[in-house]
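The structures come next, written out as structure tokens.
The following pair of complexes shares a single chain, subunit A, combined with subunit B in the former and subunit C in the latter.
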Partner chain A sequence: MAVHSDSASSGKKSSNGLNELLTFNAENMQSNMKIIYYSRTFLSIIGGVVAGILGFTGLKGFVFYLLLMALTSLGLVAKAGFSTHTYFDSWNRVLLDGFLGGLMSFVLFWTFAYDIVHIF
Partner chain B sequence: MGLGFVVGFIGLLILFHAAYSTIQYRGLLKITEEEFSGPPLNVVIEVTLGLVLCMWAALTVPGKFLSIHPDSEENRIVSLPANLDFMIFNHRYKVFPVELDVKLKH
Partner chain C sequence: MAEDLVLDTAIRDWVLIPLSVVMVLIGVLRYFVSMLMRSTQTPDAKIVKEGQVILRARNLRTGANFVPSKAFRARKIYFCNEENGLLFVPKGQVQNPQAQMFSDPNMAMDMMKKNLSMIIPQTLTFAWVNFFFSGFVAAKIPFPLTQRFRSMLQNGIDLSTVDVSYVSSRSWYFLNLFGLRGLFSLILGEENAVDDTQRMMQMGGFGFDPSKGLSAEKDNIDITQHDWALPNLEQRAEAVLRNVINQ
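The block that comes next holds the complex of A and B.
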């Protein structure tokens, strides 16, 4: 029986290069992802209410949403102390994950707030 | 975390107040029959303030980030359980490279 002594493949997740994270604490990783998800969802809802109050229509609202998500990414990176490798295994997780997940909530609360403030 | 909730609640209250004053502003525009070109300046300031407070609350209320390195300070298991019969030490982790700078701390 051949024995593989390749240590890079025996971890839960591995990446070669300068950041040799052979294995990581998956439970903490999941908890961190949940925190990002909650933050983004809440801010999508708040952003929808703000866009409705300010009377954005059409493309301006979606641009506002993109700006808001970019600000959220910046805030999350700042919360992680600018050293995301301590809390996540790749940049994409904190910068891009959940970017479009809050879009539906944003549009819902945007139309809701716009109707209440500007139409009724 | 209680502070985060309070800050978020205050941010929401400010947003509701801004919405109410925008509704009143629109009522005024209907009376004077002008077009709605943009919210008044105080509404914009209020909304920005409410957004900043809610953003701060959204980043602090869900909880702290936990480190995912297995050898970081907060992930240490420093106490041996009383029942040593079930602790084994010849598991698969022995294929990992040896780190010679791990210190023993109380």
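The block that comes next holds the complex of A and C.
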């Protein structure tokens, strides 16, 4: 068993690598979830401002948001060393977790930046 | 027809930005007020005991597969035994804790404080927005919406030919309400970004934990099957030790 413990963006390994049974340390799992949530929220805010400044309207903006979320997922998976199963219990969490929460923040900051730059 | 309305810069300076700033500040204020108002209650010993029993039962359930089956069964009987098991509550006593909670003045006050601290800032801000900032176009949302949203988003504006993307300040308020949740969770630290909608959902299910919780936990443990998760434990321990030694 590997002695040095890698951490997923300062999250912790939440399962041991036993072959037959995967058990999850609930605290570490929660901390990992929180990290995903924070990164997504932060990126949606920044992404919203960027989308507003660049003047995306309508569908382009939402496509940009989807792109952003995909980038986040990719980043998280890469940071977890491509072995997501040791840090999270299912794929869906890494890919889809903070999606809708980030959407509202994205729309707010997108509207804000768009109005400030283009309308006024 | 999508003419671009030219909006006055003064709207941006005096409506959008102040509204957002005010909402952020009110959120921060509410957080600090809730911290200050967290009165130190001396918790009732009986309630704490029951809470701990529930925790223990829950731990038993999650860890059930890691103890040998005989040990699990012994624990199960200890908890669920009809006569003196810890989780067994005779029917007569079930209702008492709930009634006690509602008549207990301390707890009622606490609940009221929590409710008020949540509802009042929201209502006040909404009234303020309606009073000062109604009757003009406040912002343009960058994506188009159907005509049905017009009545919702444009309620101060009485022209029906204006594009639905131009919204009134009330909708800017709602947009802020939902969108600032993420921001609060970032600046206020983890669990304290409880926004209004989440709190409203929490308030709905306020059932007093111990009285219902005990019988629920008992049923849960009764259901739990024991599936010994550590067969061949000795061989696996040996393999791990060999690995460590050989490194």
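One rule holds in what follows: the second predicted complex is superposed on the first by the 98 of 120 C-alpha atoms of A that agree within 3 Å, B and C clash if a C-alpha of one lies under 4 Å from a C-alpha of the other, contacts with A are read in each partner's own complex, and residues count from 1 in each chain.
One rule holds in what follows: a contact is a pair of C-beta atoms (placed from the backbone, for glycine too) under 8 Å apart; a residue touches a chain by one contact, two chains touch by 3 or more.
This one's a predicted model, so the numbers in the text were calculated from it and none came from an experiment.
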First, second, both or neither for A:T57, with subunit B first and subunit C second: second
First, second, both or neither for A:N32, with subunit B first and subunit C second: first
Partner chain(s) touched by A:F99 [first = subunit B, second = subunit C, both, neither]: neither
Touched partner set for A:F88, first subunit B, second subunit C, both or neither: first
Partner chain(s) touched by A:L71 [first = subunit B, second = subunit C, both, neither]: first
Partner chain(s) touched by A:I116 [first = subunit B, second = subunit C, both, neither]: both
First (subunit B), second (subunit C), both or neither touched by A:A80: first
Overlap of subunit C and subunit B interfaces on subunit A (superposed complexes): 21, 34, 38, 42, 116
Residues on subunit C engaged by subunit A in the complex (per definition of touch): 4-9, 11-12, 16, 20, 139-144, 172, 175-176, 178-183, 185-186, 190, 229-230, 236, 240, 243-244, 247
Residue ranges of subunit B in contact with subunit A within the complex: 11, 15, 18-19, 22-23, 26, 36, 38-39, 43-44, 47, 50-51, 54-55, 58-63, 65-70, 72, 75, 92, 95-97
Touching residues (chain side subunit A, partner subunit B) in the complex: 5, 7, 10-11, 21-26, 28-29, 31-32, 34-35, 38-39, 42-43, 46-47, 49-50, 53-55, 71-72, 75-76, 79-80, 86-89, 113, 116-118
Contacting residues of subunit A [partner subunit C, same complex]: 1, 3, 18, 21, 34, 37-38, 41-42, 44-45, 51-52, 56-59, 61-62, 101-102, 104-112, 114-116, 119-120
